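To start, the structure under review is shown below, and the notes come after it.
Letters A, B, C and D mark the chains in the order given here, with residues in each chain numbered from 1 onward.
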Amino acid sequence: MAKPIVGIFGLTGCAGDQLVILNCEDELLDLAGALDIRSFHMAMSDNDEDCDLDIALVEGSVVQPEEVEMLERIRSRARLLIAIGTCAVWGGVQAMKNEEQREKLKRQVYGPKGKDFGIIPSQPLSSFVRVDYAISGCPIEKDQFLQAALSLIHGDLPVLPDYAVCTECKMRENSCLLLERGELCLGPITVAGCNARCPAYGQPCIGCRGPVEEANVASEVNLLREKGFTLVDIQNRLRTFGGQSEVMQVAPTERGR
Amino acid sequence: MNRENIYFPHLAQITRILPQIEDHKLFGLTFVDKSMKDNFSYRPGQFVELSIIGTGEAPISISSSPTRPGTVELCVRRVGRVTNALYNLERDDLVGIRGPYGNGFPVEELEGNNLLLVAGGLGMAPLRSLLWYTLDNRERFEDVTLMYGAKIPDEMLFKYELLSLLDRPDLRCMLTVDKDEEGIWPAHIGVVTTLFDQIEIDPSTTYAAVCGPPVMYRFVLEELLKRNLSKDRILMSLERKMKCGVGKCGHCAIGYKYTCLDGPIFTYWDAINLPELI
Amino acid sequence: MSTKTITVGRVCRIEGHGGITVEMKDGRPANVQMDIIEGTRFFEPLLVGRHYHEVTPIVMRICAICSAVHAVTSLMAIEDAFGIKVSPQTKLLRDLLVQGGNIESHALHLFCLAVPDFLGYSSVIELASDRPGEAKIGLELKNLGNKIQEMVGGRAIHPVNAVVGGFGLVPSEGDLVILREELEKGIRKALATIDLMAALEVPTFPESPTLYAALKPPSNKFGLFGNKIVLSTGETMDVHAYKDLCNEVTVAYSHAKQSRFRERPFMVGALARVMLFGKFLSGQAKTACRRLGLHKQTDNILYNNAAQAVELVYSIERAIEVVDELLHRGVKKERPRHAEIREGSGTAASEAPRGTLYHSYTFNKKGRLTKADVITPTAQNCANIEKDLRASVERAGKDPVDALREKLQMVVRAYDPCISCSVHLIDLRPEAERG
Amino acid sequence: MKMVKLQKKNLNAFLAGLEKFGDLHGPVRRDTNDFAFQKVDAPEQIAHDCLRTILPPKKYFTKPVDTMFTFSEAEGYRAPDKDLHTKIILFGVHPCDIHGIKILDLVFGGQYRDEYYFARRRNAIVVGLDCMPDEYCFCRSTGTDFTEDGFDLFLSDIGSSYLVRVGTSLGDDIVLETSTLFQEIGDTDRRAYKRRSAQRINSFEVEIHLEDLPEIMDLEYESRIWQELGDKCLSCGTCSMVCPTCYCYDVVDQLNLDAKSGSRLRRWDSCLFKDYALVAGGHNFRADRGSRIKNRYFHKQRGFVAQFGRPSCVGCGRCIVSCPAAISLVDVLTKLRSRGNE
């Protein structure tokens, strides 16, 4: 089988997902041998800006018109476009206050000089182009990325978890923070794959991997309300990473403080 | 491990690939191990777990008849990971096979009766096994009728093989297409159920074997029941999500039955008792 | 009068998206700009209204490479606001975490981003096919930094285990013992890096008088923490007065907010630290510093790579020291210190791989954030980068444009700019205006 | 059944003397109220007040993530040889969990025997321990509060001693190994045991009736209860993970760096996950959560009865205490009986 031709791109984000790729220290050279990487601005010069790609891995969210163009260009070159990281999949932390005016934020930070900037609310790739596959995580998990890459090299589509963090949390036999300590844990509605990292460190899941498919947010909100959390606090947490996902748009019907 | 490991696939070589219709191909497989090749026996209606190593496994009905040993034939539709990976293989490549699994058609019980096979779409895959089994043991059965429907002529599986059966005196072969815009179809036109007007069913001596997409069952069952066929003489081959094929992984459980152990052949009476079955 | 514009649309092998624009008038650089073309993320306003304990996980997402030091600095600022005193063990573990980040970041920059420059390769992968030994050393060092961050921070990027008041789960003594062995091996690799750097010719084209700034370590030992800022002019100030140094201005051509000290650009980062406090280095790091000629003052930014190599040795030695101290004291399973919430502000600074990093927050009496200010090293360096770019162009003479472009990229890369960091409040100039 | 007596003060000495039979595993405290079975270096680490571990002992026999075999061009398929043959002593297994293991024996046995499961079963010595129910235990209702087999030794608390029932010949060997620690039982012990037993029986706070439950379940197949539960259920999978008799798994092939060799893994799955019954072509036999949660109850309380003659729930209460959405099996079954399809 011919080596897949690959491009790795970054839009707006922290570059963490590209760094995860570079963090595959033990595997990087094998990986580079099995893939024909033509574009990876963060790690190489001599990038081919025109070739057709079998796989485009795109990190980061779209926050400005130029990025829409960039993304469309990548899409037109790529057979498979894979969104990597929560920014690319859900809009990322920068999508947190999308419902508040970005213009207002801009003025707050730049004052009047900022008025010419072209800014659009932070959005995931799928708002603009077809995304064939989404590997979420803030940042993506190294093992998951490697397995996905190996599947692609093998000629298959990757298999990713479609169940919640709680499942992995129980497999690890963590003490449940939601039930035992009454913490605001998003494990029940966040997609697994991190091996319930935060609960294993005694920290509640803050949902950095984004919502699980068919997340029952209404039930999660209810049970958190019953535990005494205010709607504002719950909303804040839901939208930290899942800001752009529809399921997280719980209506602010009450103002709890 | 002192006993046979039930999860190990046996290597088999792809000896033949016959494209059928778009995204459906018939694969002829021969076991690499000689004793497997000689001793692999099965019933019509049983299935195997097909392994593409590194990709995964999928349950696939055996399309060939045990009366013609040596090669196992699988008719596979390309839908996902495993089936896709199979399509990337070529003649002489190796795959893995476990099985045969499932109950299969109760052929001994069917002997001495009239048989009505009703298939739609990919449902022909398991029924082809039963069809050739009856044809190769023709003397053991009374009247045998096949009804098979496809949307258009180009979507009929095993088309030439089946067309060649049209003139066979010991089989009533009724092939139909829903539509034939090019006007090339030599047989009946109309959905499968329209074929029922052309036949007589003696409920006391007939078994029906039905396999097709979920929507087809409803209409075919209606016809069969109208003709007073008893509920446990209607046999259906059903599909479920399945991982292990041997009753461990749980996926194919419906109520109190496992599709892989108690099925995939169920009677209509089973279906009534298992609300989720169809 | 002839006008010519030289642009580098996109500098490769840096973290984030940045370009360079040089306008030449009559053969002299009239306007030199470091364009930041990364999108805006508005971190500060995003934090407003959040509970104090939610701040760190969000703000560390400013940058992946420096997430550990962002996390630690953010926690220190929060603790400053509430007057939380963390345990000596927490301090040590945080030091270890930050050293891990420093090792990872410097190894990444040296081997994956900068060194290929000196050796003429387009990437570490290409380097590996020709000089596998060197690529391997680089990747192993990077991996060592990540191991520390994973063990202490719970994740190599965006540490989840560092929380207000301490750590969620304290690493076990057994883990530390294993880590120590790895660190010992790491020293040898870091020294090999010094050999590699010593063999490199450092070009002089960007040289121009430079003002350095860094945090002053509390004792006369090289370190990445401190409460006082020192400049190479000798001036010092308290970190709480960081605004006097970094009075950020939004630049008319609308890219980075820039920092200048009394109208002068200044440089922060490994080179600044080694220039100001290299004399406090000890052990193998001290020898390495001499070997690479950094005991003498230099105004050449291209020496920043050498300074990073020296710090690689330092950080590993320091990590061993911390591990030893932790083992000596005996690791206690302590829970994070409790926060007494009160109204007020807190500020903290640390030396991130790329230079001094400031976090400053104000909280209301419910512990919700009302104001945040984060000043990253790259933002501080922007003006200085432009200064060095200008010097390079002036010195370039009759260089062909392509060669000049390469040189300019090399200058930018030497700073190891972290654009995600800087754009927490920087925006793009539209393509059309960039010329 | 052979019975002997072991003074409580001798328990640790007894356990410490079992080294040659395998590694000692028992419940260890994880957090204030949480316990987990794990390997201990010394018997003192075992938490004797553990009523319910987070995961049941099934994790020893069918692991959360388990290698089914490795594959490579050079070596073909190979069964994992690691960890199938480690000998362990599992101390502190309560009756409900012993019944859980017995149920898994049924599932993994039969026409197609899972030799991985049985290899691990053979290598585990089960030392049972009696317990006092809390407000979530309903093993009395499921008939699993007492067990006559499924253990090598079973310890019942009779005050300052344990009454030890010897269940297998291997169990007897273990007793003989440190025979000096054991004594014959006497009349006071017999009385103490009966007192304890009566006290235990009277301590159950929860009671549900399971006798005709299959019929009730059939009657309530269309009950609105299922939809209500579906609205509440988070599909988080917790109940399936913690249940001693949930055994479903998913299979994935994992590749090594050469993208050719690798291993086939199975991983605990749950019938509450959306894609559990999703087949190629996009048809989902249980697309909504209500029908999935109904399936879980049906399979345990109805399907298993038809297949093996008994429900597969052993009344341990784990799914009740660990459900984040506070769905209680006892409540559901009680409601089904009392309320039904209004």
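By our rule, a residue touches a chain if its C-beta (ideal position, glycine included) is under 8 Å from a C-beta of that chain, and two chains touch if they have at least 3 such contacts.
Predicted, not measured: the structure shown is a model, and the values here were computed from it.
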Listed by label, which chains are in contact with chain A and with chain C? none
Going by the average position of its CA atoms, which chain sits the greatest distance from chain C? B
With contacts counted as defined, which of the two, A-D or A-B, has more C-beta pairs across the interface? A-D
Taking each chain's centre as the mean of its CA atoms, how far is chain C from chain D in angstrom? 52
Taking each chain's centre as the mean of its CA atoms, how far is chain A from chain D in angstrom? 37
Interchain centroid distance [CA atoms averaged], chain A/chain B, Å: 43
Distance between the centres, which are taken as Cα means, of chain D and chain B, whole angstrom: 39
Where chain C touches two or more other chains simultaneously, the residues are none
In chain A, the residues touching two or more other chains are 154, 159
List, in ascending order, every residue of chain B touching at least 2 other chains. 54-55
Could you run through all the chain pairs that touch each other? A-B, A-C, A-D, B-D
As the complex stands, chain C meets chain A at residues 10, 12-17, 37-46, 49-51, 54, 57-58, 61-65, 67, 108, 112-113, 116, 122-126, 128, 132, 135, 139-140, 142-143, 146, 154-158, 160-161, 163, 168-169, 250, 252, 254, 257, 420, 423, 425, 427-428, 430-431
Chain A - residues contacting chain C, complex: 10-17, 19-20, 22-23, 25-26, 28-29, 32, 37, 40-47, 60-64, 66-67, 92-94, 96-97, 102, 105-106, 108-111, 113-114, 116-119, 122, 138-139, 142, 197-198, 200-203, 206, 208, 233, 236-237, 240
Chain D touches which residues of chain A in the complex? 27, 30-31, 34, 146-147, 150-151, 153-154, 159, 162-167, 170-171, 173-176, 178-180, 187-189, 212-214, 216, 218-220, 223
Under the stated contact criterion, what part of chain D meets chain A in this complex? 30-34, 36, 53-55, 64-65, 231-238, 241-242, 252, 254-260, 262, 268, 270, 273-275, 289, 321-322, 324-326
In their shared complex, at which residues does chain B touch chain D? 1-3, 5-9, 11, 53-57, 77, 79-80, 83, 214, 239-241, 243-244, 246-251, 253-258, 261, 275-276
